[in-house]
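Have a look at this one before I ask anything.
In order of appearance the chains are A, B, C and D, and numbering begins at 1 in each one.
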(Lines give C-alpha, C1' and ligand atoms only; values in the text may rest on other atoms or scores of the structure.)
Protein backbone atom coordinates (compact mmCIF):
# COMPACT_ATOMS: atom_id res chain seq x y z
CA UNK A 1 0.00 0.00 0.00
CA UNK A 2 1.34 3.44 -0.89
CA UNK A 3 2.90 5.55 1.87
CA UNK A 4 5.20 5.54 4.86
CA UNK A 5 4.69 5.31 8.62
CA UNK A 6 7.20 8.03 9.60
CA UNK A 7 7.28 11.63 8.40
CA UNK A 8 8.92 14.88 9.54
CA UNK A 9 8.22 18.55 8.79
CA UNK A 10 11.16 20.75 9.77
CA UNK A 11 9.29 24.04 9.31
CA UNK A 12 6.19 25.36 11.00
CA UNK A 13 4.85 28.78 11.95
CA UNK A 14 1.42 30.10 12.99
CA UNK A 15 1.34 33.90 12.57
CA UNK A 16 0.31 35.89 15.63
CA UNK A 17 -3.34 36.85 15.64
CA UNK A 18 -4.26 34.02 13.30
CA UNK A 19 -6.91 32.61 15.64
CA UNK A 20 -9.22 35.60 15.09
CA UNK A 21 -12.26 35.45 12.80
CA UNK A 22 -11.68 35.76 9.09
CA UNK A 23 -10.48 37.91 7.36
CA UNK A 24 -8.15 38.48 10.31
CA UNK A 25 -7.12 34.82 10.11
CA UNK A 26 -4.74 35.25 7.22
CA UNK A 27 -3.25 31.80 6.98
CA UNK A 28 -3.67 28.19 8.01
CA UNK A 29 -0.78 25.84 8.60
CA UNK A 30 -2.09 22.49 7.38
CA UNK A 31 -1.03 18.84 7.15
CA UNK A 32 -2.89 16.85 4.52
CA UNK A 33 -3.02 13.11 5.14
CA UNK A 34 -3.99 10.42 2.65
CA UNK A 35 -4.77 6.91 3.86
CA UNK A 36 -5.28 4.90 0.66
CA UNK A 37 -5.32 1.62 2.58
CA UNK A 38 -8.05 -0.58 4.00
CA UNK A 39 -7.31 -0.03 7.71
CA UNK A 40 -7.84 3.15 9.75
CA UNK A 41 -4.55 4.90 10.48
CA UNK A 42 -3.84 6.10 14.02
CA UNK A 43 -1.48 9.04 13.73
CA UNK A 44 0.60 10.66 16.48
CA UNK A 45 2.10 14.11 15.91
CA UNK A 46 4.88 15.50 18.13
CA UNK A 47 5.77 19.23 18.07
CA UNK A 48 9.39 20.37 18.55
CA UNK A 49 10.50 23.87 19.57
CA UNK A 50 13.72 25.89 19.58
CA UNK A 51 13.93 26.41 23.32
CA UNK A 52 11.84 23.86 25.20
CA UNK A 53 10.95 20.17 25.30
CA UNK A 54 8.70 18.63 22.64
CA UNK A 55 4.93 18.50 23.21
CA UNK A 56 2.64 15.66 22.23
CA UNK A 57 1.47 13.35 21.00
CA UNK A 58 -1.45 14.99 19.26
CA UNK A 59 -3.68 12.16 18.01
CA UNK A 60 -5.50 12.04 14.68
CA UNK A 61 -7.35 9.13 13.08
CA UNK A 62 -7.35 9.00 9.28
CA UNK A 63 -10.05 6.51 8.28
CA UNK A 64 -9.38 3.87 5.63
CA UNK A 65 -9.73 5.20 2.06
CA UNK A 66 -10.00 8.80 3.22
CA UNK A 67 -8.03 12.05 3.22
CA UNK A 68 -7.88 14.34 6.26
CA UNK A 69 -6.73 17.99 6.19
CA UNK A 70 -5.65 18.97 9.71
CA UNK A 71 -4.75 22.49 10.89
CA UNK A 72 -2.00 23.01 13.44
CA UNK A 73 -4.03 26.06 14.54
CA UNK A 74 -6.76 23.71 15.80
CA UNK A 75 -4.57 21.47 17.97
CA UNK A 76 -5.75 21.67 21.60
CA UNK A 77 -4.82 18.46 23.39
CA UNK A 78 -2.37 18.30 25.18
CA UNK A 79 -2.04 22.10 24.56
CA UNK A 80 -2.45 24.67 21.74
CA UNK A 81 0.62 25.44 19.61
CA UNK A 82 1.80 28.97 20.46
CA UNK A 83 1.55 31.67 17.78
CA UNK A 84 4.56 33.53 16.45
CA UNK A 85 6.88 30.65 17.33
CA UNK A 86 9.03 28.45 15.10
CA UNK A 87 8.24 24.76 15.41
CA UNK A 88 8.78 21.44 13.66
CA UNK A 89 6.90 18.15 13.79
CA UNK A 90 7.21 14.42 13.46
CA UNK A 91 4.37 12.16 12.37
CA UNK A 92 4.09 8.47 13.27
CA UNK A 93 1.33 6.25 11.92
CA UNK A 94 0.43 2.61 12.48
CA UNK A 95 -0.52 2.33 8.77
CA UNK A 96 1.26 3.68 5.68
CA UNK A 97 0.03 7.20 4.88
CA UNK A 98 1.08 10.05 2.57
CA UNK A 99 1.55 13.59 3.95
CA UNK A 100 1.71 17.03 2.35
CA UNK A 101 2.48 20.28 4.21
CA UNK A 102 0.48 23.26 2.95
CA UNK A 103 0.07 26.86 4.02
CA UNK A 104 -3.21 28.40 2.88
CA UNK A 105 -3.97 32.10 2.57
CA UNK A 106 -7.64 32.58 3.34
CA UNK A 107 -7.64 36.08 1.86
CA UNK A 108 -7.30 34.53 -1.59
CA UNK A 109 -10.08 31.95 -1.52
CA UNK A 110 -7.99 29.07 -0.25
CA UNK A 111 -5.02 29.60 -2.51
CA UNK A 112 -1.97 27.84 -1.17
CA UNK A 113 1.12 29.87 -0.39
CA UNK A 114 3.26 26.80 -0.30
CA UNK A 115 2.93 23.08 -0.47
CA UNK A 116 5.63 20.49 -0.11
CA UNK A 117 5.89 16.79 0.55
CA UNK A 118 7.71 16.44 3.85
CA UNK A 119 10.63 14.13 4.56
CA UNK A 120 9.60 10.48 4.56
CA UNK A 121 11.40 8.14 6.91
CA UNK A 122 12.29 4.58 6.13
CA UNK A 123 9.58 2.08 5.38
CA UNK B 1 13.75 4.41 -17.74
CA UNK B 2 13.24 7.33 -15.33
CA UNK B 3 10.13 7.40 -13.17
CA UNK B 4 7.81 5.37 -10.97
CA UNK B 5 4.50 3.60 -11.49
CA UNK B 6 2.82 4.72 -8.25
CA UNK B 7 2.35 8.30 -7.02
CA UNK B 8 0.18 10.03 -4.41
CA UNK B 9 -0.85 13.67 -3.89
CA UNK B 10 -2.23 14.23 -0.38
CA UNK B 11 -3.53 17.75 -1.10
CA UNK B 12 -6.08 18.97 -3.62
CA UNK B 13 -8.60 21.80 -3.78
CA UNK B 14 -10.61 23.40 -6.60
CA UNK B 15 -11.90 26.83 -5.47
CA UNK B 16 -15.66 27.39 -5.80
CA UNK B 17 -16.65 29.22 -8.94
CA UNK B 18 -13.49 28.22 -10.75
CA UNK B 19 -15.36 26.71 -13.70
CA UNK B 20 -16.46 30.15 -14.95
CA UNK B 21 -14.81 31.91 -17.87
CA UNK B 22 -11.56 33.72 -17.24
CA UNK B 23 -10.77 35.95 -15.39
CA UNK B 24 -13.29 34.37 -13.00
CA UNK B 25 -11.36 31.11 -13.22
CA UNK B 26 -8.63 32.13 -10.85
CA UNK B 27 -6.68 28.91 -10.53
CA UNK B 28 -6.13 25.50 -12.07
CA UNK B 29 -5.20 22.44 -10.08
CA UNK B 30 -2.87 20.56 -12.40
CA UNK B 31 -0.94 17.28 -12.57
CA UNK B 32 1.98 17.33 -14.98
CA UNK B 33 3.03 13.94 -16.31
CA UNK B 34 6.26 13.09 -18.11
CA UNK B 35 6.58 9.81 -19.97
CA UNK B 36 10.21 9.74 -21.13
CA UNK B 37 9.94 6.10 -22.20
CA UNK B 38 9.20 4.38 -25.49
CA UNK B 39 5.78 2.91 -24.59
CA UNK B 40 2.52 4.82 -24.06
CA UNK B 41 1.60 5.02 -20.36
CA UNK B 42 -1.96 4.19 -19.30
CA UNK B 43 -2.59 6.15 -16.10
CA UNK B 44 -5.43 5.65 -13.59
CA UNK B 45 -6.20 8.40 -11.06
CA UNK B 46 -8.35 7.77 -7.97
CA UNK B 47 -9.76 10.67 -5.94
CA UNK B 48 -10.14 10.39 -2.14
CA UNK B 49 -12.39 12.57 0.03
CA UNK B 50 -12.77 13.35 3.73
CA UNK B 51 -16.29 12.00 4.13
CA UNK B 52 -17.17 9.58 1.32
CA UNK B 53 -15.81 6.69 -0.71
CA UNK B 54 -13.12 7.24 -3.34
CA UNK B 55 -14.13 7.95 -6.94
CA UNK B 56 -12.39 6.62 -10.03
CA UNK B 57 -10.49 5.61 -11.90
CA UNK B 58 -10.09 8.62 -14.14
CA UNK B 59 -8.10 7.45 -17.16
CA UNK B 60 -5.35 9.39 -18.96
CA UNK B 61 -2.95 8.19 -21.64
CA UNK B 62 0.47 9.82 -21.71
CA UNK B 63 2.02 8.93 -25.07
CA UNK B 64 5.62 7.74 -25.30
CA UNK B 65 8.16 10.61 -25.23
CA UNK B 66 5.53 13.17 -24.34
CA UNK B 67 4.42 15.35 -21.41
CA UNK B 68 0.77 15.84 -20.50
CA UNK B 69 -0.58 18.61 -18.25
CA UNK B 70 -3.97 17.52 -16.89
CA UNK B 71 -6.39 19.70 -14.90
CA UNK B 72 -8.48 18.18 -12.11
CA UNK B 73 -11.09 20.83 -13.06
CA UNK B 74 -11.59 19.05 -16.38
CA UNK B 75 -12.22 15.55 -15.01
CA UNK B 76 -15.71 14.38 -16.06
CA UNK B 77 -15.77 10.58 -16.19
CA UNK B 78 -16.91 8.94 -13.92
CA UNK B 79 -17.95 12.34 -12.38
CA UNK B 80 -16.61 15.91 -11.95
CA UNK B 81 -14.60 16.66 -8.81
CA UNK B 82 -16.70 18.92 -6.57
CA UNK B 83 -15.51 22.48 -5.95
CA UNK B 84 -14.70 23.82 -2.51
CA UNK B 85 -13.87 20.32 -1.23
CA UNK B 86 -10.62 18.89 0.09
CA UNK B 87 -9.43 15.86 -1.84
CA UNK B 88 -6.35 13.71 -2.41
CA UNK B 89 -5.32 11.42 -5.24
CA UNK B 90 -3.37 8.33 -6.16
CA UNK B 91 -1.87 7.74 -9.57
CA UNK B 92 -1.10 4.30 -11.02
CA UNK B 93 0.63 3.84 -14.37
CA UNK B 94 1.58 0.75 -16.39
CA UNK B 95 4.85 2.51 -17.40
CA UNK B 96 7.28 4.55 -15.29
CA UNK B 97 6.29 8.22 -15.32
CA UNK B 98 7.26 11.38 -13.43
CA UNK B 99 4.58 13.60 -11.82
CA UNK B 100 4.52 17.18 -10.58
CA UNK B 101 1.59 18.85 -8.79
CA UNK B 102 1.13 22.50 -9.75
CA UNK B 103 -1.45 25.17 -8.98
CA UNK B 104 -1.56 27.91 -11.62
CA UNK B 105 -2.98 31.39 -11.18
CA UNK B 106 -4.44 32.47 -14.50
CA UNK B 107 -4.64 36.10 -13.40
CA UNK B 108 -0.87 36.28 -13.61
CA UNK B 109 -0.28 34.82 -17.06
CA UNK B 110 0.12 31.21 -15.97
CA UNK B 111 2.40 31.86 -13.02
CA UNK B 112 2.42 28.92 -10.66
CA UNK B 113 1.36 29.44 -7.08
CA UNK B 114 2.92 26.20 -5.99
CA UNK B 115 4.62 23.22 -7.49
CA UNK B 116 5.83 20.11 -5.77
CA UNK B 117 6.88 16.62 -6.70
CA UNK B 118 4.37 14.28 -5.07
CA UNK B 119 5.19 11.21 -3.04
CA UNK B 120 6.63 8.43 -5.21
CA UNK B 121 5.82 4.86 -4.27
CA UNK B 122 8.17 1.96 -4.63
CA UNK B 123 9.51 1.02 -8.01
CA UNK C 1 29.65 12.36 -3.38
CA UNK C 2 26.20 13.85 -2.89
CA UNK C 3 23.76 13.81 -5.81
CA UNK C 4 22.33 11.74 -8.65
CA UNK C 5 23.07 11.44 -12.36
CA UNK C 6 19.43 11.36 -13.55
CA UNK C 7 16.72 13.93 -12.86
CA UNK C 8 13.33 14.83 -14.32
CA UNK C 9 11.12 17.94 -14.12
CA UNK C 10 7.56 17.18 -15.22
CA UNK C 11 6.48 20.86 -15.32
CA UNK C 12 7.80 23.76 -17.35
CA UNK C 13 6.33 26.92 -18.82
CA UNK C 14 7.83 30.15 -20.23
CA UNK C 15 5.14 32.87 -20.34
CA UNK C 16 4.62 34.55 -23.71
CA UNK C 17 6.45 37.84 -24.06
CA UNK C 18 8.99 36.91 -21.41
CA UNK C 19 11.97 37.53 -23.70
CA UNK C 20 11.44 41.32 -23.62
CA UNK C 21 13.57 43.64 -21.49
CA UNK C 22 12.73 43.93 -17.79
CA UNK C 23 10.27 44.75 -16.33
CA UNK C 24 8.45 43.09 -19.21
CA UNK C 25 10.32 39.89 -18.47
CA UNK C 26 8.20 38.90 -15.52
CA UNK C 27 9.56 35.48 -14.75
CA UNK C 28 12.47 33.14 -15.33
CA UNK C 29 12.15 29.40 -15.44
CA UNK C 30 15.38 28.20 -13.85
CA UNK C 31 17.24 24.98 -13.08
CA UNK C 32 19.81 25.32 -10.32
CA UNK C 33 22.62 22.76 -10.43
CA UNK C 34 25.08 21.97 -7.67
CA UNK C 35 28.20 19.97 -8.43
CA UNK C 36 29.82 19.41 -5.02
CA UNK C 37 32.30 16.92 -6.47
CA UNK C 38 35.86 17.20 -7.75
CA UNK C 39 35.18 16.53 -11.45
CA UNK C 40 33.39 18.81 -13.91
CA UNK C 41 29.87 17.54 -14.69
CA UNK C 42 28.74 17.37 -18.32
CA UNK C 43 24.97 17.72 -18.28
CA UNK C 44 22.52 16.96 -21.10
CA UNK C 45 18.96 18.32 -20.92
CA UNK C 46 16.17 16.98 -23.14
CA UNK C 47 12.89 18.89 -23.53
CA UNK C 48 9.58 17.01 -23.96
CA UNK C 49 6.36 18.49 -25.38
CA UNK C 50 2.67 17.55 -25.47
CA UNK C 51 2.38 17.26 -29.24
CA UNK C 52 5.77 16.75 -30.88
CA UNK C 53 9.04 14.86 -30.51
CA UNK C 54 11.55 15.77 -27.81
CA UNK C 55 14.29 18.31 -28.56
CA UNK C 56 17.88 18.13 -27.35
CA UNK C 57 20.25 17.57 -25.89
CA UNK C 58 21.00 21.03 -24.56
CA UNK C 59 24.50 20.87 -23.06
CA UNK C 60 25.67 22.54 -19.85
CA UNK C 61 28.93 22.09 -17.98
CA UNK C 62 28.81 22.51 -14.22
CA UNK C 63 32.42 22.88 -13.06
CA UNK C 64 33.69 20.96 -10.05
CA UNK C 65 32.77 22.60 -6.72
CA UNK C 66 30.46 25.11 -8.37
CA UNK C 67 26.74 25.91 -8.68
CA UNK C 68 25.18 26.94 -11.99
CA UNK C 69 21.77 28.62 -12.34
CA UNK C 70 20.52 28.04 -15.90
CA UNK C 71 17.43 29.63 -17.47
CA UNK C 72 15.29 27.67 -19.92
CA UNK C 73 14.59 31.08 -21.54
CA UNK C 74 18.24 31.26 -22.61
CA UNK C 75 18.44 27.87 -24.34
CA UNK C 76 19.33 28.35 -28.03
CA UNK C 77 21.10 25.24 -29.31
CA UNK C 78 19.62 23.14 -30.92
CA UNK C 79 16.65 25.58 -30.79
CA UNK C 80 14.92 28.02 -28.36
CA UNK C 81 12.09 26.62 -26.20
CA UNK C 82 8.80 28.09 -27.46
CA UNK C 83 6.89 30.47 -25.18
CA UNK C 84 3.38 29.77 -23.94
CA UNK C 85 3.88 26.01 -24.29
CA UNK C 86 3.83 23.27 -21.66
CA UNK C 87 7.04 21.27 -21.52
CA UNK C 88 8.94 18.85 -19.30
CA UNK C 89 12.62 17.94 -19.08
CA UNK C 90 15.06 15.21 -18.24
CA UNK C 91 18.59 15.84 -17.02
CA UNK C 92 21.47 13.39 -17.42
CA UNK C 93 24.91 14.06 -15.95
CA UNK C 94 28.19 12.13 -16.07
CA UNK C 95 28.81 13.14 -12.43
CA UNK C 96 26.44 13.20 -9.43
CA UNK C 97 24.73 16.58 -9.19
CA UNK C 98 21.82 18.09 -7.23
CA UNK C 99 19.02 19.99 -9.05
CA UNK C 100 16.37 22.43 -7.93
CA UNK C 101 13.61 23.85 -10.15
CA UNK C 102 12.81 27.49 -9.41
CA UNK C 103 10.59 30.11 -11.00
CA UNK C 104 11.73 33.66 -10.23
CA UNK C 105 9.60 36.77 -10.43
CA UNK C 106 11.88 39.62 -11.43
CA UNK C 107 9.30 42.22 -10.46
CA UNK C 108 10.04 41.42 -6.83
CA UNK C 109 13.84 41.61 -6.78
CA UNK C 110 14.45 37.97 -7.61
CA UNK C 111 11.92 36.52 -5.21
CA UNK C 112 11.06 32.96 -6.14
CA UNK C 113 7.48 32.05 -6.94
CA UNK C 114 8.15 28.37 -6.52
CA UNK C 115 11.02 26.07 -5.87
CA UNK C 116 11.03 22.32 -5.71
CA UNK C 117 13.53 19.52 -5.85
CA UNK C 118 12.72 17.51 -8.98
CA UNK C 119 12.38 13.76 -9.18
CA UNK C 120 15.73 12.01 -8.76
CA UNK C 121 16.30 8.79 -10.66
CA UNK C 122 18.21 5.84 -9.35
CA UNK C 123 21.85 6.20 -8.44
CA UNK D 1 15.90 7.94 14.36
CA UNK D 2 14.30 9.96 11.57
CA UNK D 3 16.53 11.93 9.22
CA UNK D 4 19.73 11.90 7.18
CA UNK D 5 23.28 13.15 7.76
CA UNK D 6 23.81 14.66 4.28
CA UNK D 7 21.66 17.29 2.56
CA UNK D 8 22.06 19.67 -0.38
CA UNK D 9 20.19 22.82 -1.45
CA UNK D 10 20.95 23.71 -5.07
CA UNK D 11 19.28 27.15 -4.92
CA UNK D 12 20.04 30.15 -2.75
CA UNK D 13 19.75 33.92 -3.11
CA UNK D 14 19.83 36.84 -0.66
CA UNK D 15 18.33 39.94 -2.32
CA UNK D 16 20.50 43.05 -2.28
CA UNK D 17 19.67 45.43 0.54
CA UNK D 18 18.13 42.70 2.63
CA UNK D 19 20.36 43.40 5.65
CA UNK D 20 18.63 46.71 6.36
CA UNK D 21 16.03 47.13 9.12
CA UNK D 22 12.49 45.98 8.42
CA UNK D 23 10.49 46.71 6.32
CA UNK D 24 13.53 47.13 4.06
CA UNK D 25 14.50 43.53 4.82
CA UNK D 26 11.99 41.95 2.48
CA UNK D 27 12.95 38.33 2.71
CA UNK D 28 14.90 35.80 4.73
CA UNK D 29 16.58 32.78 3.22
CA UNK D 30 16.16 30.13 5.91
CA UNK D 31 17.16 26.53 6.62
CA UNK D 32 14.96 24.81 9.18
CA UNK D 33 16.59 21.92 11.01
CA UNK D 34 14.86 19.27 13.10
CA UNK D 35 16.86 17.04 15.40
CA UNK D 36 14.35 14.55 16.77
CA UNK D 37 17.09 12.42 18.31
CA UNK D 38 18.64 12.21 21.77
CA UNK D 39 22.13 13.54 20.87
CA UNK D 40 23.05 17.11 19.89
CA UNK D 41 23.76 17.40 16.16
CA UNK D 42 26.88 19.25 15.00
CA UNK D 43 26.11 20.61 11.55
CA UNK D 44 28.57 21.95 8.97
CA UNK D 45 27.28 24.04 6.05
CA UNK D 46 29.40 24.73 2.94
CA UNK D 47 28.42 27.46 0.46
CA UNK D 48 29.09 27.01 -3.27
CA UNK D 49 29.22 29.82 -5.87
CA UNK D 50 29.14 30.12 -9.64
CA UNK D 51 32.57 31.70 -10.05
CA UNK D 52 34.77 31.05 -7.01
CA UNK D 53 35.76 28.35 -4.55
CA UNK D 54 33.35 27.17 -1.85
CA UNK D 55 33.34 28.87 1.56
CA UNK D 56 32.89 27.16 4.90
CA UNK D 57 32.21 25.33 6.99
CA UNK D 58 29.64 27.40 8.83
CA UNK D 59 28.93 25.57 12.09
CA UNK D 60 25.54 25.18 13.76
CA UNK D 61 24.57 23.01 16.73
CA UNK D 62 21.03 21.68 16.77
CA UNK D 63 20.38 20.42 20.31
CA UNK D 64 18.72 17.05 20.91
CA UNK D 65 14.91 17.18 20.59
CA UNK D 66 14.95 20.71 19.20
CA UNK D 67 14.31 22.59 15.96
CA UNK D 68 16.57 25.41 14.78
CA UNK D 69 15.63 27.96 12.09
CA UNK D 70 18.84 29.46 10.70
CA UNK D 71 19.09 32.41 8.30
CA UNK D 72 21.78 32.49 5.63
CA UNK D 73 21.64 36.31 6.05
CA UNK D 74 23.08 35.91 9.56
CA UNK D 75 26.11 33.79 8.64
CA UNK D 76 29.30 35.63 9.62
CA UNK D 77 32.06 33.11 10.25
CA UNK D 78 34.16 32.49 8.15
CA UNK D 79 32.54 35.35 6.13
CA UNK D 80 29.07 36.78 5.31
CA UNK D 81 27.31 35.41 2.20
CA UNK D 82 27.28 38.16 -0.45
CA UNK D 83 23.92 39.66 -1.46
CA UNK D 84 22.59 39.50 -4.99
CA UNK D 85 24.60 36.36 -5.75
CA UNK D 86 23.45 32.86 -6.67
CA UNK D 87 24.70 30.20 -4.28
CA UNK D 88 24.07 26.60 -3.24
CA UNK D 89 24.84 24.68 -0.08
CA UNK D 90 25.64 21.29 1.37
CA UNK D 91 24.83 20.28 4.92
CA UNK D 92 26.69 17.57 6.84
CA UNK D 93 25.62 16.47 10.32
CA UNK D 94 27.06 13.96 12.80
CA UNK D 95 23.48 12.95 13.74
CA UNK D 96 20.43 12.32 11.53
CA UNK D 97 18.49 15.54 11.01
CA UNK D 98 15.66 16.75 8.77
CA UNK D 99 16.02 19.96 6.72
CA UNK D 100 13.56 22.27 5.01
CA UNK D 101 14.51 25.28 2.83
CA UNK D 102 12.15 28.24 3.25
CA UNK D 103 12.09 31.80 1.96
CA UNK D 104 10.06 34.12 4.18
CA UNK D 105 8.58 37.44 3.18
CA UNK D 106 8.60 39.65 6.22
CA UNK D 107 6.23 42.15 4.63
CA UNK D 108 3.43 39.61 5.07
CA UNK D 109 3.84 38.65 8.73
CA UNK D 110 6.24 35.78 8.13
CA UNK D 111 4.38 34.20 5.26
CA UNK D 112 6.59 31.84 3.32
CA UNK D 113 7.21 32.47 -0.36
CA UNK D 114 8.49 28.98 -0.87
CA UNK D 115 9.34 25.92 1.11
CA UNK D 116 10.82 22.69 -0.08
CA UNK D 117 12.54 19.69 1.38
CA UNK D 118 16.06 19.67 -0.05
CA UNK D 119 17.82 16.69 -1.58
CA UNK D 120 18.69 14.06 1.00
CA UNK D 121 21.87 12.07 0.51
CA UNK D 122 22.30 8.44 1.40
CA UNK D 123 21.86 7.30 4.94
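Convention: a residue touches a chain if its C-beta (ideal position, glycine included) is under 8 Å from a C-beta of that chain, and two chains touch if they have at least 3 such contacts.
The model shown is predicted, which means the values in this text are computed figures rather than measured ones.
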Third chains touching both chain C and chain B: none
Rotation, 0 to 180 degrees and nearest 5, that superposes chain A on copy chain C via CA atoms: 180
Self-contact between copies chain A and chain B, residue sets same or different by half: different
Distance from the mean Cα position of chain D to that of chain B, given in whole angstrom: 31
For chain A paired with chain D, centre-to-centre distance based on mean C-alpha positions, whole Å: 22
Multi-partner residues of chain C (each touching 2 or more other chains): 113-114, 116-117
Touch-based graph of the chains, sorted into line, ring, star, complete or other: ring
Interchain pairs in contact, sorted by label: A-B, A-D, B-C, C-D
Residues on chain B engaged by chain A in the complex (per definition of touch): 6, 8-11, 13, 15-16, 26-27, 46, 48-51, 53-54, 84, 86-88, 90, 101, 103, 105, 113-114, 116-119, 121-122
Chain C-facing residues of chain B, complex: 2-3, 30, 32-34, 36, 65-69, 98-100, 102, 109-117, 120, 123
